[in-house]
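Heads up, the next two complexes both have chain A, just with different partners, chain B and then chain C.
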Partner chain A sequence: MEESEFVIVGGGPGGVAAAMEAAKAGVAVTLVDENERLGGQCFRQFEKGFKVADPEALGLDYKEGQELLHQFSLLGDKIRYLNKALVWGIFNNRTIALAHNGASSALGFKRLLAATGAYDRPVPFPGWTLPGVFTAGGAQKLVKSERVLPGENILLAGTGPLQLVLAYQILEAGGKIEAILEAGNFYKNWLRRFLGIWGNWDFLKEGLGYLRSIRKAGVPLLQGHIICEAHGEEQVEEAVIAKVDRDWRFRPSTARTVKVDAICLGYGLVSSTELTMLAGCEHSYDLRLGGYIPLRSTTMETTVPGIYAVGDGAGVAGRKVAIEEGRIAGISAASSLGYLSSRDAGEQIKPCLKRLDKIGRFRRVLDDISLPRRGLYELAKDDTIICRCEEVTLKQLKEALSDDTLQIKDFKRMTRMGMGPCEGRMCGPSMIEMMRHRLDASAEGVGCLQPRPSIKPVALGVLAAAEPAERKKQ
Partner chain B sequence: MHTGGKRVFKGVERGEPFEIEVDGEKIVAYEGETIGAALLAAGSRTLRYTNKLERPRGLYCGIGLCQECCMTINGIPNTQACQTLATPGCQVETRKDLKRRES
Partner chain C sequence: MVPHEAEVVVIGGGVVGSSVAYFLAQAGKNVVLVEKGWKAGEASGANAAFVWSITRKPGIDIRLAMHSLGIHKQLEAELETDFEYVRGGGLLIIEEETQVPFVEAHLKKRAEDGYPLELIDAKQVLELEPHLSEERVLGAVYSPIDGKTNPIFLVLALNSQARKLGARLLHHTEVLGIQAAGGAVKGVVTDKGTIKTNLVVDAAGSWGSFISEMVDVKTPVFPFQMAMLVTEQLPPTVSHAVMGASYMVEEDAGKNEGLGCGLIMSQQTAGNLLIGASWRKAGYDKKTIQEEIELIARVNVRAMPMLKTVRLIRSYANFFPQTEDDLPILGKVDGIEGFIMACGHGGHGVCLGPGSGKLIQELICDGKTSFPIDKLTLSRFNRAGNP
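== the complex of A and B ==
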């Protein structure tokens, strides 16, 4: 079996930063990424065929990403990089299973870093399965790197600053936005807490820039508003929006209908923890940070020795945190492999920690505003689909609810919820929130949908095409 | 009235346009676009119908996780339209035939 000293899963900002630090120290690094090209969701690059004519038109983070990826390319020959490679399992905590080039193979490691990122928090409400309803991240990918607008008249609904980024990108691309619904109370809180965030002036400047262009385009930014329903036959034709109370429960008397053909939903992000869960790392539940996240030491090591986790997959915090955490993990892994003295490693980590501390203060302000409230999970009606793959409705889940069914995994057994091809990514996070709010349940009590290999669908032919020599060895 | 998304040309130059075939109909795609994006630009949002309730589904997460955009692409079922780049002449099916199989 092939082996690599340090395997990094995920080619977003965290994974790339870690790979660079470790490679600079002399570690033999293998960086595995599912996508065609490096960058992850945040620094996604254009596919072959597109030529960038005007980088300015593509926003701040595009340039930032290009710079990081350029630095990475300078180290190119020192890092083994596998693109379009899916890590579908981890075994004995020393081997990962890879689907690559149409065949499955095993790759051993001494150290592993999960830099697996995050995805938009799914929120079920009537009509959310209609074509034309996108996650904010999905819409962003379309606008940013495929240069296709999700619709002709677009509604943005959700919470937090990522919505403003998407709105800015849609407007810059010449799209039309009906309104931006912010469930929280953004302005008021932002202004009230300005004083605490002087240290992050560049963050602030970025945010204000987005707000300015939204205002200039005349797009209403409705705070304390939520989307309650989407209607349409074959696709989205209209949306019902309403004001919410403090708990984000909508006030029916304020409901009104808007004609839109696309809805982009951004209710924060959920950490992708399939790999760290499969490895048996200990996790704790923190809604502010993206649900279940792996417990980590200050060197980004999980509770399983030799397995590290950084970036949004280890607690949602955005690209700047991911880069600093990635650097720390890369340096720590190099040190633990004997490439750096612990003193040198400590010296190198110090500035990263300093920058992390500075970013941390700003994040807390945003977290408070954007923390999903209970009303969000009361939008679904009895016939609303909760598990999109297996088409399980809220009513079916309610019927399955009994004294013996208080853990998420019990619903799996009773209703097939979470057993479809998305492997519980779309229904699991909402089910945890819905169950957690019951009086008789606690976060620990409701559990989660334990990931199983393969953590993403892999064709049988790919497994069957595994190297015969490897099978004999095992 | 609604024709789906439209292509943006600001800031980038697109690659060569070519045709792909969706349920026997030809639509235009550009090099570097996924099949999901090309279909969206052509105004086709329904990419499949669900097995049990036969409801329409389209691009949702857009980043390869939700599996809602699974189509039959070049004869291979369960292929994610959001992750598969369009190539000249590729054959795409929404699998509307599943409806008939049920009845």
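== the complex of A and C ==
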């Protein structure tokens, strides 16, 4: 079996930063990433064949990403980089299982970093399964790497600053936006509260830059608004939007219909924790940070010794936090492997912590504003599908609820919710929130769906093609 | 809190315990079921979902299986919710020449016992299951009465009906001890309180021995791990319960120490294929390992090449409550009044559970069973745990 001292799963900002720090210290690093090219969702690069004429048009994070990736490429010979490699399991906390080049294999590690990122928070409402309804991340991928617009007249609905980034990218790509619905209250809370935060001018400048372009294009930014329903025969034709109260419950009297053919939903992100959960790391629930997230020490180590977690997969916090956390994990791993004295490691980590602290102050404000409120989880009607893979409706879940079912695991058994190919990634987070609110139970009381290998779908032919040498038939 | 008293306390909420509780409630008994974990949370929720008789041995084994197949049919009519029981037929596929003598010997003994089986040739097999590889099929034993079910739905259906009939079901409730005095059961102590009772049914599967130890009874049940894979949903692809004849060959059937795998396939009503199955002695470990997942994929892709492009979405493992003679332990226990065993069903708990439940109910309510089960009592084992 192949082995690498430090295996990093995920080639987004956090994984890349960790790889660079560890490699600089002399560690043999293997970086494994599912995508064809490095950068993750945040620094997503173009599919081969595209040329970037105007990096400015892709947002500031694109430029920043290019710089980081350039630095990474300078360390090329010191880091083993596997692209299009899917991690489908972790076993005995000493090896990960890879699907790569059409065959399954095992890769041993001494230290592991999960930099697995996050995905868009699914919010079920009537019509959310219609073609033409995109996640903000999915739409961003289309626009950024494939240069395809999701529709001709687009509605953005959700919360938080990532919506502004997407809007900016759509406009720069020549798209038309009907409106941006922000469930929270941007101007009132956002900008005013920013004034109290010193030292985050970068963020502020960036945000204001996006806002300016949106205003220039004449796109209405409707605060305190959400999408309640989407209608259409074959695909989205219109959306019902309305004002909300402070719990984000919509006011029926304010509901109105807008004609759109695409809807992008950006209600924040949910951490991808399949790998750390499968590894048996302890997790705790924090809605602000993206649901269940692994508990970590200040060195980014989880409760399983030797396994680290950084970035959005360990609590949604954006690329700047991911980079600093990645650096810390890289330095810590190098130190624990004996490549750096603990004093040197401590010295190197200090500035990262300082920058993290600075970002942290800013983030708390953002978190408060964009935290999903309970009204959002009351939009689904009886016939609304909650689990898309198994087509389980709210009504079926309610019926299960009456049969003394309180835990997600029991819902799964009774309704097949979460049993599809996404393994509950789509329905799990909503289910936790709906149960929390409907029964006033804590998230811990509701439980979560335990991932089992394979954590992502893998073709049986790929598994069957595993190196026979890996087989230790006794 | 738990009820203060009950006529019968059933320990274990799998197919076996849920069947016992259902039939007792139906017979009007005041019954409480205690389960430390989830509904169908152990082997009952992680198996091949077969309702199967082909490989059952002559004698009490096939009689119990046939009895239970009938009870599955009865439950299908009785229970209000569907549990996806389909008698689509069973196929024991002969994949290697070396398996032939074992299969022939089995067929001969079954015919002598009055339970004959039908042997079909490769062409007939491929007509029944066209996706199987021509190269891997030499022939098969066919049984029209075998099939598959949804064991989790079966448990849920049994539980909800039992509750309607007055049974109380306590999940996430752990049995800590059994009170006894003068050689008779007096109560069950749980982490949520004590239930006074004179009758306890040990349907705790792989934990059956821990429960019986509470009344100083040693039960030779050991955990035996089996792992399986779940694929994405497919259109109708496999219509039978399919098993490889390697299971008939003693040395392949898990008696060796290492990792083994034999062909198992069935398609759930929802469309997912359950494929397996690998085995290894792993104690009470429920995790699957990379090696066995890859091995199961290899065995199944070899038998059905179209599976190459079908995606795995999940794997699961559980341990079967195995006994040395591969038969369950059913009935009263000498020396302790009111302690009844219904565990050790090995890999056949789903198939034999409903039948066992009915027999235990008859034993409790009538003092006798519809056919004799003395060959299944604990007393068949000597001190070393061998029959």
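In the analysis below, the second predicted complex is superposed on the first by the 466 of 474 C-alpha atoms of A that agree within 3 Å, B and C clash if a C-alpha of one lies under 4 Å from a C-alpha of the other, contacts with A are read in each partner's own complex, and residues count from 1 in each chain.
The definition used in the following text is that contacts are C-beta pairs under 8 Å (C-beta built on N, C-alpha and C of every residue); 3 or more make two chains touch, one makes a residue touch a chain.
What you see is a predicted model, and the numbers here were worked out from it, not measured in a lab.
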item	value
Chain A as common anchor, with chain B and chain C clashing or fitting	fit
Partner chain in contact with A:Val133 - chain B first, chain C second, else both or neither	first
C-alpha centroid angle, chain C to chain B via chain A, nearest 10°	80
Partner chain(s) touched by A:Val458 [first = chain B, second = chain C, both, neither]	second
Partner chain(s) touched by A:Ile328 [first = chain B, second = chain C, both, neither]	neither
Chain B versus chain C as contact partner of A:Gly420, first or second or both or neither	both
Partner chain in contact with A:Ala466 - chain B first, chain C second, else both or neither	second
Partner chain in contact with A:Ile214 - chain B first, chain C second, else both or neither	neither
More chain A residues in contact [chain B versus chain C]	B
Contacts of A:Lys409 with chain B and chain C, given as first, second, both or neither	second
Gap in Å between nearest CA atoms once chain C and chain B share a frame through chain A	6
Footprint overlap on chain A, comparing chain B with chain C	390, 420-421, 457
Residue ranges of chain A touching chain B (in the complex, touch as defined)	34, 36, 41, 46-58, 119-120, 129-135, 137-139, 141-143, 146-152, 172-175, 234-235, 237, 261-262, 388-391, 420-422, 425-426, 456-457
Interfacial residue positions of chain B with respect to chain A in the complex	2-16, 30-34, 37, 40-41, 45-47, 50-53, 55-68, 70, 78, 82, 85
Residue ranges of chain C in contact with chain A within the complex	38-41, 45, 152, 156, 160, 229, 231-233, 257-259, 270, 272, 287-291, 293-295, 297-298, 300-302, 307-316
Of all residues in chain A, those that touch chain C in their complex	89, 91-92, 95, 97, 104, 106, 390, 403, 407, 409-410, 413-414, 416, 419-421, 423, 452-454, 457-461, 463-464, 466, 470-474
